[in-house]
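All chains are identified by letter, namely A, B, C and D, in their written order; residue positions are counted from 1 within each chain.
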Amino acid sequence: MKVTRRDLLLWGTGAAAGLVLTPVPWKLLGDVSIWSQNWPWIPQPTHAPVEVKRSSCTLCPKGCPMRVRLAAGWPVGVAGVPSHPLSRGALCPLGFGAHQLNWHPQRLRTVLHGEKSSSWNEARIAFAKALREGPIAIVDGYPGRAASLVFDSFAQKQGGSYHVVPSPEIRALAPYQALGGVPAVDLGYDLENARTVLSFGAPLLDGWGIPGRFNHLWAERAAGAADPQLRLIQVEDSLSRTAARAWQWAPIRAGAEAALATAMARVLLEEGRVSARVPIPALTLAEAEQQTGLSTDAIRGLARTIVARPPVVAIATDDNPSIAALNVALGAVGTRGGIVRRGKKAKSYPGIDTIGSVRAVLIDSTVPWDFTPSANAEVFRFAAWNGASSRAGGADWLLPAPGFLEELTDVPTPPTSAVETYAVAPSLVKATPEVQSAAQLLCGTDTDLATVEKTIHARCEDLFQARAGTLYGDATMPVAQVVSVEKLEEQLRSGAAWIGEDVSSERLRCELKNWPTAVDSPSSRQETTWGGPALPPLASKLYQESNLREASEWRKA
Amino acid sequence: MSRNSLALGLGVATALLAGWVAFPQVLYVRKHQPVEFHHKTHSEKSGITQCGDCHTLRADGTFIGMPRLETCSGCHSQRIGTSREEATLVDEYIKPGQEVPWLVYARQPANVWFSHAVHVRRAGLGCAECHSSDGQSDAVRVYEQNRITGYSRDIWGHSISRLRRAPHEGMKMGDCESCHRQHHFEAGCLGCHQ
Amino acid sequence: MASSVLTDSRWIARGALRTAAPRFLLWLAPWAAVLAVGIYAAGLCLYHGLNQTHMDNRFAFGLWIFLDLGIIALGAGAFFTGFLVYILKRVELKPVLNTAVVVGLICYSGAMAILMIDVGQPLRAWFTFWYPNAQSMLTEVTFCISCYLVVLIFEYVPLLLRNRQLRRVPSFLVFEHQLHKLVPVLAAVGALLSFFHQGSLGGLYGVLRGRPFAFREGFLIWPSTFFLFILSAIASGPSFLMLVTAAVEKVTGRRLVSPQLYSRLGFISGVLLAVYVAAKCLDTLLWLNVTSRSVGFAPWQFYSHRPFGTPVLFVEIVILGLLPAFLLTYRRFAMRRGLLLGAAAMACAGVLLNRFVLTIQTLALPTLGFDRFLLYSPSWQEVASFAGVIGYGVIIYSLSYRYLPLFGQAKGNTYVPGN
Amino acid sequence: MSARYGMVIDLDRCTGCGACMVACAAENNVPPLPQATPRTGLTPLLVRKVSNGMEGGAQREVFIPIMCMHCEHETPCVSVCPQQAVEVDKATGIVMQMPQRCLGCRYCMTACPYHARYFNWWDPQWPAGMEKSLNPGVAVRMRGVVEKCNLCHARLHAAEEKAAASGRREIDPADYIPACVEACPTAAIRFGNLADGKDPASHEAHSPDAFRLLARLGTEPKIYYKSKEAWVKALAEPGSGPAWEDQHG
């Protein structure tokens, strides 16, 4: 008997009907939806156990201590260290995404020579050649580290020069060096004892100094109070986030800070509200009104307000001599609650303006991207992330530097701190292949230089000898109680922080012979913490989502 | 007429055969463990009696799951005996310090949060209540992986119909729920999911 | 192959005059093209995900939901006519019954298809049946629509089996006969289901306590919009039937149903519309002065955001509600075909506008005091995939009209070439 | 135990730095999604900037972190979900969103008056290698589902596991602190069990300055806000605030 079309049709119908009685359709229905819950192309976190280690953030000179969660050898999250008396467990937004930075799309992974890829070997040869042909300049954006010492001694031995790009906070303290002879790197603000803070555009609540420090003070002593213990008065041309939350906001024309400072000093001196013996500035209130856009009454009112609750300190965003002069007039220099000397005399280094004509410039990865040296020199630039618009960012050599927690480094006292601090940031992440720090290159070139390792050890010894200050680790203990250098170094290397004694009581003498002329300088708005080369993709994204920052700011990433 | 019903019947029969017999074979891909491991041998020869001796709970309550290499190398740093399996373990994993890529029969997907600490310490469940006699196995089972979902077959249970299965068989959400119901334990979705 | 397509006369019912196959294909071609583009657009949405649309976190529902609500309302003619014919025994409506079924089938299956694209995880959509949340209006909608779709298929099959070729299969004939006996039951079931899902579609927004613009007090678990939607749907259904039939008459150039039937449908539509408008006014007043006020909204505050001013409300209630209701019911006008159809069109437009306001304006209005009024414009994928549904509708209807006796007694008319 | 977890956010303390947003996104494995617009991104926690609309020195701004409010009563998103992908947890009061159950109909998003729910419009993706930095214990959500703040539920899991391992029945409150709370540099967010009278958070919630957004809708949100400034309090009222006022006339 032959099979007809009809038979096949019936057979098919039977099969279709029968299939419903089997697990096939039902199991498939289920499994397909389970598949849609576990799409293979969607990454999932590891199963590996999580361990927490301590280190410090090395993305900027604030060096906030961090707790880093690691799984399978990679950081999977960061948090602050609440027990740390300066940072108070706070981190800036950049910090909370820092563990993603090493995979940032802009991460540098190969040596670039001009626009084309090259190798470390060629870079070394080129650098050696430059050395022979003489003089080189080394530029450091984060002075005071062990690496900085490597730069300095290398420059001295090779007859080169070492220059630093001070952070904006340090630059704002430079005028006092001229007035009182104390290097800016040794000065800090005794904010804990101040009761009125007059900020000339400084983003005090927005990444200025150690983020946790002022935020904490402000939150505890000012936030929401009609008559706060700590009066924050913000002088700024626009309603920044600090201005928005300040106790008072004085909106002035851009760049008129100097005029306002001088005018306020004049009011205070004329009305005899300050005791300091300084000459009365020439600038009249009428001129000030015309420059600042504030009425004379407003200026008078503001002047009276700031002295109503002493101690008061004025904070600038750049080396504005008039604001420094105002502080002298207010008697806020070298006094409790003002600008204080934080301790032992540190060496102060020449700035980048003093770079003469050199054969080559070596730029450390800590130097901001907006710095580009004179054209004729050959530029060796270290960077972990390419923050430049062009591929090589104007450098002849672009050298991939270690990223977040990829190298051992140490954390000197952050700017604005009123006390000395020291910490070591152990490397917790296996470094990306092909990366090398500037210090490593130099130590490779001149093998009898003291390496970062050695310098850190030496510094630990100094701390141990001094027997001063306190160690904030898992437990808090005075250095005097630490049994040996090894123990001290071990503790520091596991993320403990050393904090020196408060010496703010030491008085400084600085006199003001005559007033700097209040020139109308274009206001230099201070770059805040995340002005860095790269913003974690998360942070940049989230700023776009919320309306917290202007597009120009998040586009940096 | 009878011819028609015959054709129909044949159709139904083919479908039933394909669905109940062939389908399960096709659905799962069979994989072998990297190393032939016998629980029995270990409990008898090396006096490891407690599951927790190797499958430990960490201090923070997280479960180590498959023991890490250091646990094995505690004894197997050198070959014990001459079996080929012993050779593979020592030469391919312990010597190079390479973790053994065990295939985990009871591994739940990423969206499930299962805490051994909660079930063993707090609820006092015995290992066998979910893992049955795996602890006494004298041969490693073949690991069957669902081609579509990528889940281990143990999650669904061996019987494709899920009828007449042993109490420990099956680790689907429904199975968790029924056990929770028996013990009058209520958890929201995120009580067990993440 | 081609020849068999080109001479399809043996599939066409005896005596029914239909245009020549090539012309028919020519007529189908553009619609097929639209459908093809639609399928491509839908494919994009399924493959790449809903980022292909212009919907966003604030406008989580967009064009698709609005039009789904729209066509389901217009498709209401299907169940309502069935209800009138079989339950209320208004036999004079029988001639449009088949059209009603086909239109209903198209609207509902189309809406279903769009919904499948609209959800982010179509592969898991069946969870709604496995883990239903009885509280949710959407569950009610899903269940009723899918069940009613099955009912519609069962109502459509006998029609299908009446095709000249298919009825030659004896078993089919028997089957069709049996099914036919079942039709009144189906109609009853369908009516019940439809009343429910039309209502729950309204409930969908009425229950949104978090959206004071949409939230309504109600009766038992159902907010007032539940009942308003039923009313507006059954009011617009017959009007839409009139428009469809008129369109077919225009295209084929044939008189298919009597003018009396038109005015009858118009009258039904008009009366219901009048009732709906009355209810709607009452509801609006209650909502403005009690419901929304109790949570702190001043009357008319919702209409302070342009372009959704009070004019919209006026148009919805008066121009596209009261006016057509009057035109459809008032005999002097109802006799004039142009006016009648115009009024029917207005009635349908009014219901569409209502659905638009409820879906789009609700989402556009801010809830938080510091939020913004937002608008959105659909992407081409959204538009195209919906256009596809329209193309699909026209094709299905054309095929049904050509090969099935949609208007049973409209035989033997003089042949006028369709344009 | 039946806790009612909630927060009191002191708006006077918020400087809008955004650390909470980044910490939240990192903790919950939120993808960066460079292709997303501000209206299609994922921000389980979003800080909004609101001005008092004044001119010159009188101008003030406040920063309002918006997240799931974990409504206690007639929770809008729970009743609408067609397949029980959302629920208010009996034990914790947390409104839970289940991405694996969700079918992506987005009905809950239209129901939420706070716009605190977000849809995964894209496949979650990270720059090459960055998936290594994903936080264990939080499953990455797939494209096509809704997600929102689950009060860092992974941390509650960890706390429970820890408690179980050490033989405790109750978790140690110190072990369960959401990422945003931990991250806030001014301690503006206070988190705790509102049902526990001794808990500082529940104490804060009863302070005269505490209020809730759109409280008049009657959904009993468990996220409280706090401010001494009258104009800030006024923002909480439905039908008031800049969104409505500048529309009149």
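Everything below uses one rule, namely that a residue touches a chain if its C-beta (ideal position, glycine included) is under 8 Å from a C-beta of that chain, and two chains touch if they have at least 3 such contacts.
The model shown is predicted, which means the values in this text are computed figures rather than measured ones.
Comparing B-D against A-B, which pair counts more contacting C-beta pairs?
Answer by contact count: A-B.
Can you figure out the chain closest to the middle, judged by Cα centres?
D
So how far apart, in whole Å, are chain A and chain B when each is placed at the average of its C-alpha atoms?
Computed from C-alpha means, the inter-chain centre distance equals 50 Å.
If you average the Cα atoms of chain B and of chain D to get two centres, how far apart are those centres in Å?
Computed from C-alpha means, the inter-chain centre distance equals 38 Å.
Could you give the separation in Å between the centres of chain A and chain C, each centre being the mean of its C-alpha atoms?
Measuring from centre to centre gives 62 Å for this pair.
Between chain C and chain D, what distance separates the C-alpha centroids? Give it in angstrom.
Once rounded, the distance between the two centres reads 40 Å.
Could you list the positions in chain B whose residues touch two or more of the other chains?
Where chain B meets two or more other chains at a single residue, that happens at 58, 62, 110-111.
In chain C, which residues are in touch with two or more of the other chains?
Residues 121, 124, 127.
Can you list every residue of chain A that touches 2 or more other chains, as numbers and ranges?
Only 32, 35-37, 44-45, 47, 50 qualify.
Answer with line, ring, star, complete or other to describe the graph linking chains that touch.
It is other, because the touches fit no line, ring, star or complete pattern.
What residues of chain B sit close enough to touch chain A in their complex?
Of all residues in chain B, those touching chain A are 3-4, 7-16, 18-20, 23-24, 27, 58, 62, 64-65, 109-111, 146, 148-151, 160-161.
Under the definition above, what is the set of chain D residues touching chain C in their complex?
35, 37, 39-41, 48, 50, 64, 66, 74, 76, 78-84, 101-107, 109-115, 117-123, 142-146, 213-214, 216-219, 234-244, 247-248
Applying the document's contact rule, which stretches of chain C touch chain D when the two form their complex?
49-51, 55-61, 118-122, 124-125, 127-128, 130-133, 135-139, 142, 204, 207-212, 294-298, 301, 304-305, 362-363, 366-374
Which residues of chain C touch chain A once you look at their complex with the stated criterion?
Contact set of chain C toward chain A: 121, 123-124, 126-127.
Chain C touches which residues of chain A in the complex?
The touching residues are 29, 32-33, 35-37.
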